[in-house]
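Would you mind keeping the following structure in view while I ask a few things?
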Amino acid sequence: MALKVAVIGAGSIGFTRGIVKDILAVPEFADTHFALTDINERNLDMVYRLLGRDIEASGLPATLSATLERREALTEANYVFSVVRVGGLEGFATDIDIPLKYGVDQCVGDTLCAGGIMYGQRNIPVILDLCRDISEVAAPDCLFVNHANPMAMNMWAVNQYGPDVRSVGLCHGVEGGHYLIADAFGLKREEVDIICAGINHQTWYVSIKHKGEDLTGKLLAALEKHPVYSETERVRIDMLRRFGYFSTESNGHLSEYLPWYRKRPEEIVNWIDPEYRSWINGETGGYLRVCTEGRNWFETEFPKWMEEGPQPIGPEHRGGEHGSYIMEGLETGRVYRGHFNVPNNGTISNLPEDAIVEVPGYVDANGIGIPRVGDLPLGCAAVCSASVTVQRLAVEAGVHGDDVLLRQAMMMDPLVGAVCDPREIWQMVDEMLVAGEQWLPQYGKAIEDAKRRLASGGPITPDPRGAGATRQRTRTPEEVGKARG
Amino acid sequence: MALKVAVIGAGSIGFTRGIVKDILAVPEFADTHFALTDINERNLDMVYRLLGRDIEASGLPATLSATLERREALTEANYVFSVVRVGGLEGFATDIDIPLKYGVDQCVGDTLCAGGIMYGQRNIPVILDLCRDISEVAAPDCLFVNHANPMAMNMWAVNQYGPDVRSVGLCHGVEGGHYLIADAFGLKREEVDIICAGINHQTWYVSIKHKGEDLTGKLLAALEKHPVYSETERVRIDMLRRFGYFSTESNGHLSEYLPWYRKRPEEIVNWIDPEYRSWINGETGGYLRVCTEGRNWFETEFPKWMEEGPQPIGPEHRGGEHGSYIMEGLETGRVYRGHFNVPNNGTISNLPEDAIVEVPGYVDANGIGIPRVGDLPLGCAAVCSASVTVQRLAVEAGVHGDDVLLRQAMMMDPLVGAVCDPREIWQMVDEMLVAGEQWLPQYGKAIEDAKRRLASGGPITPDPRGAGATRQRTRTPEEVGKARG
Amino acid sequence: MALKVAVIGAGSIGFTRGIVKDILAVPEFADTHFALTDINERNLDMVYRLLGRDIEASGLPATLSATLERREALTEANYVFSVVRVGGLEGFATDIDIPLKYGVDQCVGDTLCAGGIMYGQRNIPVILDLCRDISEVAAPDCLFVNHANPMAMNMWAVNQYGPDVRSVGLCHGVEGGHYLIADAFGLKREEVDIICAGINHQTWYVSIKHKGEDLTGKLLAALEKHPVYSETERVRIDMLRRFGYFSTESNGHLSEYLPWYRKRPEEIVNWIDPEYRSWINGETGGYLRVCTEGRNWFETEFPKWMEEGPQPIGPEHRGGEHGSYIMEGLETGRVYRGHFNVPNNGTISNLPEDAIVEVPGYVDANGIGIPRVGDLPLGCAAVCSASVTVQRLAVEAGVHGDDVLLRQAMMMDPLVGAVCDPREIWQMVDEMLVAGEQWLPQYGKAIEDAKRRLASGGPITPDPRGAGATRQRTRTPEEVGKARG
Amino acid sequence: MALKVAVIGAGSIGFTRGIVKDILAVPEFADTHFALTDINERNLDMVYRLLGRDIEASGLPATLSATLERREALTEANYVFSVVRVGGLEGFATDIDIPLKYGVDQCVGDTLCAGGIMYGQRNIPVILDLCRDISEVAAPDCLFVNHANPMAMNMWAVNQYGPDVRSVGLCHGVEGGHYLIADAFGLKREEVDIICAGINHQTWYVSIKHKGEDLTGKLLAALEKHPVYSETERVRIDMLRRFGYFSTESNGHLSEYLPWYRKRPEEIVNWIDPEYRSWINGETGGYLRVCTEGRNWFETEFPKWMEEGPQPIGPEHRGGEHGSYIMEGLETGRVYRGHFNVPNNGTISNLPEDAIVEVPGYVDANGIGIPRVGDLPLGCAAVCSASVTVQRLAVEAGVHGDDVLLRQAMMMDPLVGAVCDPREIWQMVDEMLVAGEQWLPQYGKAIEDAKRRLASGGPITPDPRGAGATRQRTRTPEEVGKARG
């Protein structure tokens, strides 16, 4: 078929190696050309060398190129995968640290809440620019596949303000929860049928079936008596108890989109298991720590990776990410069913038309078909609706560089709104705008004003609670290496 | 699995034999129980004996029962297939013959136009009653599968006025056209990907692809130069020429939904091929003739059929009707893609929300998923829209027994409106109501009024053109037998 | 207040004199400046002289200017009234004469049907251009008031494709029918409350009340026994009989939007009263004749008008057109209720969102408020829906210069579709495109193709019925003068 | 005209006396019959005697009756005004006192937040029952006018689950704010044009004009420098600062619908002016105190009222409540513009279709016309949206007696969600259900369960902060009398 696949942000070794191996596991795609691009030359080079060796060892006719010029990678591309993280870990750190001073204690901070909202402000201009490039130089009908967070804000901006480019947003959250659910029932994942619907990271398993039997209402009991999940998934189980449906999102991430679990610093720790304590279950700034350790470790360990042999490629080594399956459906007609992020347009009838929803879809040679889901259960829709409101404000703010809308997004955010008062929010936004100046070109004027206000001493002295309820030290590459065995 | 499948109107031998064989071709369904019911005891008995022998010969554990009591057949049924034709061929004849006196020359007359509208009036009360029975005695989540025409009106009544019963309407029109299209390009049907969307019998192939190449715009040329289709499909090709997309419906059937091809009696014949002249290409009352011949022939030939051996059952003998594939998808999770009749609800964004549309759907253990199609091409939407208007009026009329709405449906019908004036329409409806009295319980008062008006001499002397432009004599069973070889 | 009011197409003496007198009848508007513009210098000059004299005689501080430069007239205008008729009577004649050769016998021909559709093609580019000028040079928040036909197509193009300009479409049809209804009941118009809703020229009196008593259902009887209306309003009464609601439109104009009354040439005359026979009741090309006579007469009679004295201005001389009342509502806050043409947006819940509807509105200092009407009666909605389909196709055709959509608009037109077949329609459109070439810049390529086809002899020899069922000779100015006394 | 007007909850002396006087101020309504009903016989009798004397003294032919039988009062009524408060002050006290123990400090508590939600649970069954009575015994087309809170929940239940009764919800909040705005600009109310839109008690002045000049953006400055409002309206001004638009609701009431101003007990007092300290500006349980004092005072003072003379009736004594003006518009055709609570249905395009919105409307003999407003400003829509979510859950809970939805409504409530955690909310709802048992017939089973849980000791020991941030003692009638002078 000789397709061209571009990877934007290809320096993310884990993602890039995965998608390349997955695609090459499909016989029809053996001659694919992969065009890698990144703004970090060193990472791009390391990934290029690792992958080049993998491909060579596979004996497949696939080819590989790497470039710092994004448009070059995009030219005539049939598929574009993006995992860009604007601002990198440096920007990410400000998303966690500044809100913490105002009592907003996030675990992940890349989707909603103060951190996710600011992350969206950095990403939106870049993703719109990327889509303009695609519309200008990629192959006609090129599919833009976004993996970058904040998923809903990114896809909303692309669909409402971008050029006419085909796009879909992918996340593996639904699969993770699917596995957990099956496991809770002592079943295999492929035996359990699920319909999952909502918005990215707040998607609900509204139907769980095993050979036609409806298990949806039996999950709470199964989890409550499960020896591990009953400890590690405390917030998720509590949400299931209150709202009747299980959420896709990990315990810690889920807790930061809601007003109920992280607003009292002294109680956050109660929602995290004491024994299996893992960042994903709720640690303050946990994802930032893990990402930082991972990056440092990769840079240190790269020479060793090259000493190890190449990774094998083939159907038996194919991972579970949607990307290669979507390509397979579209190009070969073999039907694939997954969960995708797309504009709602009535798919979920009690969420707004313009929201980006995560829902089941079928892919074959006719395209990506998104069946109508109908109404979400009332309580689930209510929770999603609050987040959609924040996303809409954040997208409009990010596209137009309107800091008043940005502040309103923060006001309406469930956790920020539960923790802060308006003056605190105004000052926190000032600090975040100034800290992110280099990645926020659309906020020039607002940043000048914020600097002036901060220089004259803001009205608020940030809360010393800023240490975070459960923050842990970032480990050295050596420590990480030791822990990974 | 031990499912129970009820067939309503099971005296239709062709349909019933097909669905039973198709279902039993699926390994998981070997122990299905089929419950047949019909109001015609003789036909029901004949079908019961034929099928009983088929099943016995197959060696499968499936079972069979037949009853004149519909609720008995429905009790605990998991699937209900219906092919009821209220009024039978006797009622059908009035749908063709009376309009003909007023210059309305129909070929099929069971979907729209004067005949289809009246057919709907007879069917709607019965189908609503059937659904009430299903909601009361069938298994929970029983799926009602309707094959009866007028499809859109029937399904509209069920969905808007029926009890809360799962339902889907099935027609094989899309498959027929799919085959024809592939053939016109010299391809096999399975090599050609299609998206077909619209309303039943006015569904449009809006996307035709072969290995990713878009063939939609090349079909007109392919058909114009095809030696057979260029003759047999004159109306369809002309519609493709004017509107840019090919329609599912056969040449003759299509022509009676539109104002342009059958309004001048002397020109109707021009739209029918002279050589391969087949009823389906436009013969006046052609389908009535063929159905009548078929029924007579079956009654005559039944003994001979019993002399022949039983029909074989198995995967290699499975037909192409959607029914058994939908069951397979729902019960086993193996994905099936077909085209289904369902309430629009935004699937086709430029047709009314409440219309019944025919669109692609995916079936698996999660249910029947109907992806959003988006806008139909403007001209196609315009043609469908005119029909949807007629359907809405006809459904409201049929459900409420409102003869004024019934007359308005006739007024708005494209062919009736192009041929008749208001006084003619009023009198034609009077005649049709009186002729169908026994099947139109909802029109008691209106029929009394109509009788009185007709008795005092209607204002119009029906047109002697009533013979029909291309009517043919109904053949005897002997003639049919001879022709069938 | 010193408002500036621009009149586009100010050479229309009757309209321009009326709007100027109406506005000056409002005390707050005594110092208005009127800027007249037209493409016809002679007519503009005559109107300027007549009005200048009227204003001078009134003693009011109002001022007047006339210019051939449209943008000059628009500069800083607060209100823009437009009665442009692109192509003038020369273009209009082709709208009537060419369809007549194909059996399409129109009375007015400026709203729908073959003539109205082509009129829209000429108007749409000009009105979009006018609105661009308004957005660039008029006062902020300038209100564009359109009086030109085809009203719905013009307003649709403006609202969907024009710049962001406030606009409203005005027609006095509702008032005329309101008067007739009151008269039929022997009441005064101000005693009768009405709600009228639909689309321009197909608006229905859905509620008629007198002191709280609902008279809607009593109108048919009142009209049937009325000595004059029972003769002059035959089509309107027949429509009321069939559909239950009275339409705004005059007898002859109404008949050409429907498939039932004008398709048989020999019967058209039956729908027109024999005694009071007036063009508006159904004469073939009646409005074209009357307009032509009026224009010729004005040109001849102008010197005499100047000999007569100026017309008086003041509240007691104010006419019933909406324009000055809307201005009064907006500028003074005194509430005015009228019927306006605006995008539907859910006002009539069973017509498409994007259609232009004619519905009640309230005007005060807060703007023009359009209350939700809800569902039209089903039959009325069905009739309007067919026209909306034609309008949508015609607007898309006109904006994009897409002759295929234009032909589809003709196909879907109720009367054209009832009279012609596709080949006739194709050729008729070819003739109309070529005849209107100078006013149809958007159809350059399509017109070239049409010329070539016509030159090689079209497939159809137009019908000799082309004389029209009830056409009358255009009278000379002398004859008109004599008739007017 | 001889209309019959029923007043439900007529024991509310202030309201009943006002509406009777207002209606009798309209000349056409001089012969109205007022039918009063209440469940409190003593209050009803007192009001009957007071009003009887007023009417007698007026010399008008109006008549009066009082009955404990509601259906008797409703029989043949043309208008029904309701101010029912189910549970009276006894129930109201539980709405304030129980949440206070869990840290939820309300000022009014009758619209949203814990108190408003429970108030809705008590009201909904009664208002649905009332509407059923109206549909059965009142005059055809009777208009039900609701004044009772929680307005949006009550009207939502009526419109979604009630019989087909014409209804409108009235509140004078918009008028109060209108006066305040005009005053802030040093203008008279009638000189200032406003469009106010949103949901009851969260309606926003989206357009403020004076003689065509837009003042909307100048209000913040005007209020900030106003000597009184800058102190008394601290929350409202802060909301105007953050969201750009002024809200209808009083300072204290507004603060309890939002997560930002009342969640920290020690800071609540900062939002209330120290000098003009009035309950309406934020006092804990302020409205409960004032209502209690008023009731006690009325009971004590009644004899004195009878000693004073009757109140005068006439146009010059007419109040500003919408009720009599709506009647005047409908019955006489004189146009009235007010702000009304009705189902959204697209009026505000970025709030849900099914929400009850408060928007401008025009009333005349054609009915109550609600013009489309379009989008609310994004931030305002976001705030309303959060409340609409709570209302929808609360209405569904109240209609179906579903305590899980009730708890979810509490979870989603902005202030409750910001203050409590899920376990606290669950227990608080248990306490409130048990306390309100006599008025919550739909919650029989849930109340039994709640009792059992509470008996076994809830998981939470309610917070001792329960005293309330700014609670004041309820004064004796003597003290009130003295204060009123």
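Order of writing sets the chain letters: A, B, C and D. Residues in each chain are counted from 1.
Note that a contact is a pair of C-beta atoms (placed from the backbone, for glycine too) under 8 Å apart; a residue touches a chain by one contact, two chains touch by 3 or more.
Fair warning: this is a prediction, and the values are worked out from it, not measured in the lab.
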Steps in the shortest chain-to-chain touch route ending at subunit D and beginning at subunit B: 2
Shared interface partners, meaning chains that touch subunit B and subunit C: none
Furthest chain, CA centroid comparison against subunit C: A
Length of the line joining the C-alpha centres of subunit A and subunit D, rounded to whole Å: 44
Centre-to-centre distance between subunit D and subunit C (centres being mean Cα positions), rounded to whole Å: 48
Where subunit A and subunit C are represented by their mean Cα positions, the distance between them in whole Å: 56
Chains that touch, pairwise: A-B, A-D, B-C, C-D
Interface residues, subunit D side, partner subunit C - complex: 193-195, 207, 209, 212, 331, 333, 335, 337, 345-347, 349, 360-362, 364-367, 369-372
Residues of subunit A defined as touching subunit D within the complex: 238, 241-244, 259-261, 263-264, 267, 378-379, 382-383, 385-386, 389, 392-393, 396, 404-405, 407-408, 411-412, 414, 417-418, 420-422, 426
